[in-house]
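In what follows, structures are represented as structure tokens.
One chain, subunit A, appears in both complexes that follow, with subunit B as partner in the first and subunit C in the second.
Now for the complex of A and B:
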């Protein structure tokens, strides 16, 4: 092609600038709406804000009120119980399902889809469905009673000590399929030669899994745990749909705590302090992960 | 008052509504002689009652732009209102509860209604406890719609007849009658296990146990000595006794489903505000014939209330100002107060009217409210935000709900209550 040098210069310059031009609006929007508001929330958490933002400096007043709040203690305890059980159960069950599916069974595609489907539902749908299912007057317990098993009792949903575990059940049901898919992809990526060699050496299957396959899935474990951990800390809609934070405050978590303080208790300052605290926890999890992920190619 | 599902939908819709509010609503001109009214009256009787205001305004040639934000017992509407105010685009008027009117007045956001109030003699006709919420620094800043009272028991008449239960006048008779129902295989008390409902029943017990003076000292003055007192411990004891007569499946139940238990003959009583009456009337039942209404035994001499208020936002436009005054005038007028309460199930907030147009329960309720206003026992309801600001109210909810759903001893509960209230006020 014989294009004049000047126009080629424009084209090149355009090529040089176009990506930046196209990306800049979203960059500015992210800068403002994500990082801008993070700063704003942090500022609010050190102010006297109540019903409306109020920019007078209050020092650490809101933070000390947050930490002396009784509900915040419950919320932290719950997120700890919920997060731990959620992450461990999803990882273990997901890995187990992936290993079972990986045995070259028939109709694998269909089964995989069935296991993965809950992930396609929103947490609101999951929460409402499980609420109906576990409600003693509507679901499982009533069905068992009407079938003639009168002594059957499963009332965790309305028991303040057990309600948080019903939320774990629903959340695990939803996310296990997704974790299974992650592990399945990991399993498929393992070199078959190594396994064959082990089989020839006469190693039993459980030993092959325990010593060879699972250790190689380390990156998948890491990804799964990071994905699950931030889902756990953000959990809000599932709890609102399933228990509304109740009975009483028995299933309050930091996210429902924040919503309640910001919108129904007119305590924007405490709400912001709790939001900033949640962000700090998530950052503590995600930043080391991102750091290790981004650094790897170089080493 | 809404289902959890609704709440979730709204939780998602708030950001959307906030976005919309700054763009779409801003384009709507206010020069057409329209008032824009933010409210959360979307269900049957409430919507009809609001329709009465719309019709009255239409008679004066004023248009109506409804801005309903349903759900969360007003929480969502208040979130939208805050965003409208912060973006400097207030609606003409908004329906609010409790301390919200005071909070907005403190921010100098409201139009004073003194002229209307003077013309309507509001200082004389509205009782003091209502004025406490509708006036700020001596100026009228809100127009009160009605008085709802929360110390009512709703009873299934045919079950009472069948079991030979007389209307109980004392706490002991009240408990005994529920025991009777329980023994006959019914539920004694229809109960909705949500924090605000827990607190509604609890404040009834406190009033019945300690009397009006104690209620005021503990719930309104928030005196730590009263909150952590023997009387409060006894209130919690009685509350625990009462809770034996609810069914096991109550946690999370909506109030109207609990009312339905009484309507359907599954339960004997429900302790609930007078909005529960609407459920009975909608089911085609008649007061005093098919269902009974009486003050919670032990609280006959007092009335705990909540009251919806209409506040008007400051506006430079003179036409808007005059429409605001017209609207406030209508709300305070005798005919509207009666019409509105007939539709909504409340009683008029003015105390100078005749109760003739009201149903049997409301007639009695209105006379009791007047008498209570007279004898200074018309007191704000803690559960509905008329005794203490939102932060304190929710701190009380925390303790009361934990008490209901756990096995906290009464003395610990009283101690925790005093601490939680103290914490929320700090």
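Now for the complex of A and C:
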């Protein structure tokens, strides 16, 4: 207001437009490459596309082909098994580790970092490492044999019925530390006087956790589950590195299904349909969460 | 044998010596207030009584039983916390009944006890609410209900009113006092607010830097402070502390105080023998604002009034009183006059000093100079006699 009128015009107009100007390139890029291609994929899923995009309308043909595909059935079943085990194990183990770390132990900082390290690795590294470790000819089984335990056998990685569980083990190993950190932050936020009050009230430690502390961690549970659920649905690189979707199609998940149909089987239409389906599932998870998170401060 | 006996209790956190040998004993039904500035160790002492902090040295006896090593839940105590520490996932009834539930009291009995406590605190209509739906005052009541319902031997309060607004704080203070009178419970209460201490306590323990400064009835602590710290800490506005020289004029022992309008000499009537040894030396005199008045409102029946003319520096009306500030001994001195007195700064007026209430302090050690040296410190021996007298 104190600026002279001559410079006010330019200065104020610049102030008004500068943020928009700076943000507009990224806005345009996101609009085109994210939302544009979402629309494009959706369109492709209703087209006759094979190896190359073909824009002739095919109605729900690709969608019905997707749902009658045997591999897609396996992929859906796997994602259920994987997702459920992954979310439950990470949450339970993460909470357990957080509670143990919360007992004012020595070297807590170091331990916390160690548990968090796996999160710093890429899924490819995790997958490769666990593939070596669980490979009967290379890793655990062979080590046990060379140590003299000849009857030891752990061949889940090459067992079509069990391979998906090895992926769960590796994924849990990677994410548990992160979930533990989330729970630890939640535990640290709990009023210490409340725990003292419960002690005076005569509650044993496990009841203090069960009745007073864990019920207060509800928002952390919600965040952890949302984070884990979308990681589970997106899981791709870990499986590619560890099992390549095999043996056979035993560890196929929707993401590997989409990749193989789009790029090796030349079925862009089906691949797009599966991609759109995955997007819809993730959106169904994330949108209510974001809605509840963003709405809360106002009430 | 006293009901709660804190005997030579020390607390050390590594190198820091937080409590340096505290001795306090109270009787059943006493309301002990631990008061002092922050960091004086009062909350640590309370936590040690509760069993939430370990005792480094010394003994804690409750009803004759040594409770040093008992788990908090087995000490038969209940505690009300500053943050109320209500369990957010439980209803009010669940909160109040949790201690009973943990002690495996049958459900019907529990419900009865919850109902009784709720009636006592007038929160029956809140029993099904969650703590988040309550106001500060209501949470405070629930926290008290949680303590009351178990009918423990000893109640501990850790600054329970400090999170309430000023008006509510006064109301709750009254209510706590009423509860204490009605139930006759024994209470240990921590606060930094000396008004709370004065109004609630039957015994006040003034603490500073991990040491007990004085233990006594509120009136004793107020009228007969052990040292400069207690004198300055208790009372609002605080005690006037004036540098004066003790002199002998003929037969009389007097304190000569410098003032811009010429020296004022006040006769010494209290602790005369002790102050006599301070002849021709400087001491610090303590005189409460209400012991310096206008001549008309001076209490000539109980006190010994001595008048002097001084210049008014400042007038502070509070409605109920008129605080008049004057200069004495190089300091601002507060006098409490009747509200009608029409005084203005610069004007000279008569001040009436009640010298029977005047106390003297050693300027070096800050200790009280008094005739009865045995009553000097709040020792265990003294506490026990006090307890018997009460």
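Operating definition for what follows: the second predicted complex is superposed on the first by the 294 of 299 C-alpha atoms of A that agree within 3 Å, B and C clash if a C-alpha of one lies under 4 Å from a C-alpha of the other, contacts with A are read in each partner's own complex, and residues count from 1 in each chain.
Just so we're on the same page, a contact is a pair of C-beta atoms (placed from the backbone, for glycine too) under 8 Å apart; a residue touches a chain by one contact, two chains touch by 3 or more.
Small disclaimer: the values here were computed from a predicted structure and weren't measured.
Participant: Once subunit A from each complex is brought into register, does subunit C clash with subunit B or fit beside it?
Facilitator: Once both complexes are aligned on subunit A, subunit B and subunit C fit side by side.
Participant: With both complexes overlaid on chain A, does A:128 touch subunit B (first), subunit C (second), both or neither?
Facilitator: After superposition on chain A, A:128 lies in contact with subunit B alone.
Participant: Is A:198 touching anything from subunit B or subunit C once the two structures are fitted on A? First, second, both or neither.
Facilitator: It touches subunit C, and subunit B stays clear.
Participant: With both complexes overlaid on chain A, does A:246 touch subunit B (first), subunit C (second), both or neither?
Facilitator: First partner only, subunit B.
Participant: Thinking of the overlay built on chain A, is A:265 touched by subunit B (first), by subunit C (second), by both, or by neither?
Facilitator: Touch status of A:265: first partner only.
Participant: For A:102, using the defined touch cut-off, is the partner it touches subunit B, subunit C, both, or neither? Pick first, second, both or neither.
Facilitator: Neither: A:102 stays clear of subunit B and subunit C.
Participant: Look at the residues of subunit A and decide whether subunit B or subunit C touches more of them.
Facilitator: B
Participant: Mind computing the angle subunit B to subunit A to subunit C from the CA centres, in steps of 10 degrees?
Facilitator: Once the two structures are overlaid, it is 160 degrees.
Participant: Least CA distance subunit B-subunit C after superposition, rounded to whole Å?
Facilitator: When the complexes share the chain A frame, the smallest subunit B-subunit C C-alpha distance is 47 Å.
Participant: Kindly list the residues of subunit A that each of subunit B and subunit C touches, one partner per complex.
Facilitator: The overlap between the subunit B and subunit C interfaces on subunit A is empty, containing no residue.
Participant: Under the stated contact criterion, what part of subunit C meets subunit A in this complex?
Facilitator: 47, 50-52, 71-74, 77-79, 81-83, 85-90, 98-99, 102-103, 146
Participant: Which stretch or stretches of subunit A touch subunit C in the complex?
Facilitator: 191, 193-194, 196-203, 207, 211-212, 215-216
Participant: Taking the touch rule as given, give the residues of subunit B at its contact with subunit A in the complex, in rising order.
Facilitator: Spelled out, the residues of subunit B in touch with subunit A are 4-5, 7-9, 11, 72, 75-76, 78-79, 82, 85-86, 100, 103, 107, 193-195, 198, 248-252, 389-391, 394, 398-399, 401-402, 404-406, 416, 419-420, 423, 426.
Participant: Provide the residue numbers of subunit A that touch subunit B in the complex, in ascending order.
Facilitator: Those residues of subunit A that touch subunit B are 50-53, 65, 68-71, 124, 127-128, 131, 135-137, 155, 157-158, 160-161, 236-237, 240-244, 246-250, 259-260, 263-267.
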